[in-house]
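Once you scroll down, you'll see the structures, which are given as structure tokens.
One chain, subunit A, links the two complexes that follow: it is found with subunit B in the first and with subunit C in the second.
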Partner chain A sequence: MAVVGTLTAAFVAFAVLAVLGYLLPTWFILVVTLAFSKGLVALGIVWLMRGGLVSFGQGIFYCAGAYAAGMAMRSLGLTDAASLVVLGAVVALVPGLLIAPLLAGYRGIFFATLTLAVSMIAYGILNKTYSLGGSDGFNLQAPTFFGYHPTQPQSISYALFLVASFVTVAAAGLSRVHFDSVRGLLSLAARDNEIRLEYLGASVRWVNGVNFVIAAVLAGAGGALSALSLGHIDPDFAFWTTSGEFVFLAILSGYFSVTAVFVAAILVEVVRSFSSQYFPNTWQGALGVFLLLIILFLPEGLGSLARWPRPKSAKPAAAPAASAE
Partner chain B sequence: MTPLLETVGLQKAFGAVVAANDISVTVERGQRLGLIGNNGAGKTTFVNIVTGHLRPNAGRVVLDGRDITGFVPRQVRRYGVSRSFQIPQLFASLTPEQNLLMALGILREEGMSFWRPARSTTMMAELESLLARFQLQQYRESAIAGLPGGVRKLVDVAMAVTHRPKLLLLDEPTSGVAVEEKFPLMDVIMHALEGSDATVLFVEHDMEIVGRYADRVLAFYEGRIIADGPPAEVLGNAEVQRYVTGTPL
Partner chain C sequence: MKLAAAILIDGVIDASWLFIVAVGLTLVFGVLNILNFAHGSLFAVGAYAAASAVGWYFGGDLGPPFFGYLLMLGSALAVALALGPLLERGLLRLFYGRDEVVLVLVTYALFLILEDGTKLIWGAESYYASEPYGLLGNVSLFGLSYVVYDFALIGLAVVVGLLLWLGLNRTTTGKVILAVIHDREISRAMGVNVTRVFALAFTLGVFLAALGGAFTAPKISVQPGISISVILFSFAVVVIGGLGSVEGAAIAALLVGLARSAAIHLVPWAELFIIYLVMAFVLALRPEGLVQRVAARKI
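Up next, the complex of A and B:
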């Protein structure tokens, strides 16, 4: 019943977004489309964060999805946006499956650094791969949508926004269902106490490995959507600052609410749009102050505001057994 | 009939310290075994070897006729061995209810399901039964950090019994608990285990607890078993009194 409720809520959210997208100005839905794309990558980091891991290398999967969509459009003539997003996710799955077994045994700073290293290797290779545009990357044409070939920029933006919204609510809804499942609890448990989890019969390595692969798929879909909305791809998609931005979004949102991930992504994109226009040299500082405030006053992220019911403190009276000495 | 647990010549050394020195024990089904000994005598090392946390330098662990030596805890658990810990090993960011739901979920092989909710009807029914047996209903949604020590012990043991183990090892179930609460705590645990066919080994320092709840006692000293038998016999043993319990005045 909870699953049906969550998926119904996701469907309603998509309907609301579709109506809002029709009413809002084009520049704003462009910002939201890009925010959803990046939010998908950050959602993948949230999957990892629930298991106690943070990846500073999601750029590699983001980049894989983007380049897969771009190459399919350029070389194969595939222009359908939905197909390109699916392709981006599937292509990102491949490095995800290859890297997950290698990294699933690492924790903390070692895991973060290794993911960073892997993404920087990809960045270096792409910079020197001139058939893929080298450091300049390459441009993409406007996508089509299930055979519909809009020519007006507003129509293209709205159609892409619909695709991004659908992918976003689907990913958010399914993630929510998963987080409320036993396996979802396993991730939180792995974060708390690996030894006990092993004693209960679960494999922490498996839990973290699967989370890593899912995070890769989400990043691939996000990369493909970003490439389509920006109309350009370059190796910076795999650069460490790009990965850092996704971590920023995940910390900002926290790991309690999937909605918070996308709210955080929209907030950051809006702040970036305005601040890069009005104070282009200091907007990174503004984002830094923003993050500091979140860490100070909402250490568990924006999503902790929606965490209800919160665990209660135990009443000392009437303990069945004992109180600690 | 095959004994439930048989250890043969277990050896374990940590550098120069010998924590298990030729430990050979046979445990029959349904026994309640008390493990006594001073700190460092080898009780927890024995528990850690049986549960797969430590690999012995030599010797074998045979459970129900199957050699499980060197198996990791996850594998050992599959063959019906479970344990609780001296310091309760709980998932601090989850509530007691969530701790137990997860243990039940792993038991039901739902750990691999991405979508099945933790709060399914069958899971909730099992959870309610578990909470009632361990008298944990009022703490179900409490923060772990705020729980009294005795309640944490109960959650720890409750998690260990979710998969109806054949062999349950309790590492100092009453340590860190107020003196007047030790017997009520053990009463709750033993009452909760009634009706199960679990064989129980518990490590304990309180000889009154051992005398009341064990039907057999193993006394450890410097990695060896120096006495093995009914509580009255072992606690009256001169060597045990000299090295473990102290001589009565």
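Up next, the complex of A and C:
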């Protein structure tokens, strides 16, 4: 039943987004499209966070998805937005599958720094790969949509927004279904106590490895969407500040709610486009203060606001209650 | 031969400032369990402070030129005393006990704030403080000309390393710091004022970052963005050496310095990522870095 409810909610969300997108101004649609693409990458980090890991190198998959979409457009002449997003996700799967077994044994700070190192190697190589534009990257042409060739900028933005909304809603809905499933709850168990989980017969390595691969696929799809909405790709997609931004989004939203990830992404993207316009010199610092305040006062992220009534700090209270029975 | 000598000398020169900066980062991690992303910004603040002080001193022709070096040391010390206790007591203290990765994010936020802070104070233009760089003259080695200041920097790194080693292993305060690195809770139970050790170690870390910045300032143009490469390099050094290990930082700084100078001389296109290649390679073989701490597993 819960599955049907989640999927219905996802379908309704998509319908609402489609109507809203038609009514809202184009600049806002562009901001939301970009926020959704980044939110997808952050959703991948949320998958990892539920297992107790944080990756500072999602940029490599984001970049893989973006470059895959860009190269398919440039060399193969493939312009269909939906196919390019699928292609981005599939191509990001390859490095995901290669790296996952290598990193699945690492934890905490070592996992974070190793993912950072891997993405910086990709950044360094891309900067020197002149056939892909080197450090300048390259531009993309306007995408098409299932044979529909819009020429008006507003129509392109709206069509791309619809694609982004569909991918986002589908990813969010399926993630929710997974998070509530047995395998999804194993991640939370691994986060709490790995040794206990191993003794219960589950493989922590396997849980984390699968989460990592799915995070890679989500980042690939997000990268392809970003490339299409920005119309430009460069190696900065793999730079560590880009990856840091995704971690920022994931921490801001917390790992309880999938909706919170995209709310946080839109919030940050709107704040950024306003503040970089009005306070070009201090908006990074403002973002830093904002992040500190969130970590200090909302340690479980924006998503924890939606859980009402708040679960009381359950850990110390649960033990005596259990022994009293 | 000439090429090998050039790689060796450039590598060791590079390693010297890397070591000074990275050892501060590793010390802070050892004691406070915080991998400080803002370490590079503290390096930048040190560089800016020294560049301003040196510019003022040489601009006004205020005294003997060699006094400029003391001024650079003094500005690093001033930065440490001003920012160390302020950041540790005023900010980091609020987040103790949180997850290691959350603490990284806290310092990432601090990095964003300090970046804009330095831009507000020093503006976006470049500062040059090249006077101390030329003061010691040049020397010719293997047919290549080197600036003596660079060798003085190696000397400084050696002195810093020795003082730190002696301070940690031969003084009571140092042994207390080592005890806290080993086990925070037992130290507290034995009557160590862990709070004070935290403030002390963090301030020392800030001093080392600022010292690295202050003595690198004459070699570079001090401008926004220098902190980013510094944090990435020292990050790699610390992780390769083993988090929290002073000896490890020394070995890793040499390794990274030599790898980088070899890449610059032999395969210039690999310069951007050679460090990460070394880091991935070392971690694949020794997951906790070259010098690993023996730790009892806590359940």
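Here, the second predicted complex is superposed on the first by the 307 of 325 C-alpha atoms of A that agree within 3 Å, B and C clash if a C-alpha of one lies under 4 Å from a C-alpha of the other, contacts with A are read in each partner's own complex, and residues count from 1 in each chain.
Methods note: a contact is a pair of C-beta atoms (placed from the backbone, for glycine too) under 8 Å apart; a residue touches a chain by one contact, two chains touch by 3 or more.
From a predicted model like this one, the values you see are computed outputs, not experimental measurements.
Visitor: Looking at A:63, would you say it contacts subunit B, subunit C, both, or neither? Reply first, second, both or neither.
Guide: In the superposition, A:63 contacts neither subunit B nor subunit C.
Visitor: May I ask you to decide whether A:120 touches subunit B, subunit C, both, or neither, giving the answer as first, second, both or neither?
Guide: A:120: touches subunit C, not subunit B.
Visitor: Is A:30 touching anything from subunit B or subunit C once the two structures are fitted on A? First, second, both or neither.
Guide: Neither partner.
Visitor: Using the touch definition from the top, say if A:189 reaches subunit B (first), subunit C (second), both or neither.
Guide: first
Visitor: In the overlaid three-chain picture, which partner chain does A:178 touch, first (subunit B) or second (subunit C), both, or neither?
Guide: After superposing on A, A:178 lies in contact with subunit B but is clear of subunit C.
Visitor: For A:40, decide between first (touching subunit B), second (touching subunit C), both and neither.
Guide: neither
Visitor: Touching A:105 in the superposition: subunit B (first), subunit C (second), both, neither?
Guide: The second partner, subunit C, only.
Visitor: Tell me the contact category for A:268 with respect to subunit B and subunit C: first, second, both or neither.
Guide: A:268 sits against neither subunit B nor subunit C.
Visitor: Find the residues of subunit A that appear in the contact set with subunit B and again in the contact set with subunit C.
Guide: After superposing on chain A, subunit A residues 195 contact both subunit B and subunit C.
Visitor: Taking the complex as given, what residues does subunit B use to touch subunit A?
Guide: So the residues of subunit B touching subunit A come out as 51, 53, 72-74, 77-78, 82-83, 85, 89-95, 98-99, 101-103, 105-107, 110-119, 123, 134-136, 138-139, 141-144, 146-154, 159-160, 162-163, 176-178, 181-182, 184-185, 188.
Visitor: Any idea which subunit A residues touch subunit C in the complex?
Guide: 54, 56, 102, 105-106, 108-110, 112-114, 116-118, 120-121, 123-125, 127-128, 195, 240-241, 244, 247-248, 251, 281-285, 287-289, 291-292, 295-296, 299
Visitor: For subunit C, which residues are in contact with subunit A within the complex?
Guide: Touching subunit A: residues 35, 91, 94-95, 98-102, 104-106, 108-113, 115-117, 119-120, 228, 232, 235-236, 239, 243, 269-273, 276-277, 279-280, 283-284, 287-288, 299 of subunit C.
Visitor: How about subunit A: which of its residues touch subunit B in the complex?
Guide: Against subunit B, subunit A makes touches at 2-3, 177-178, 180-186, 188-189, 191-193, 195-203, 309, 311-316, 318-325.
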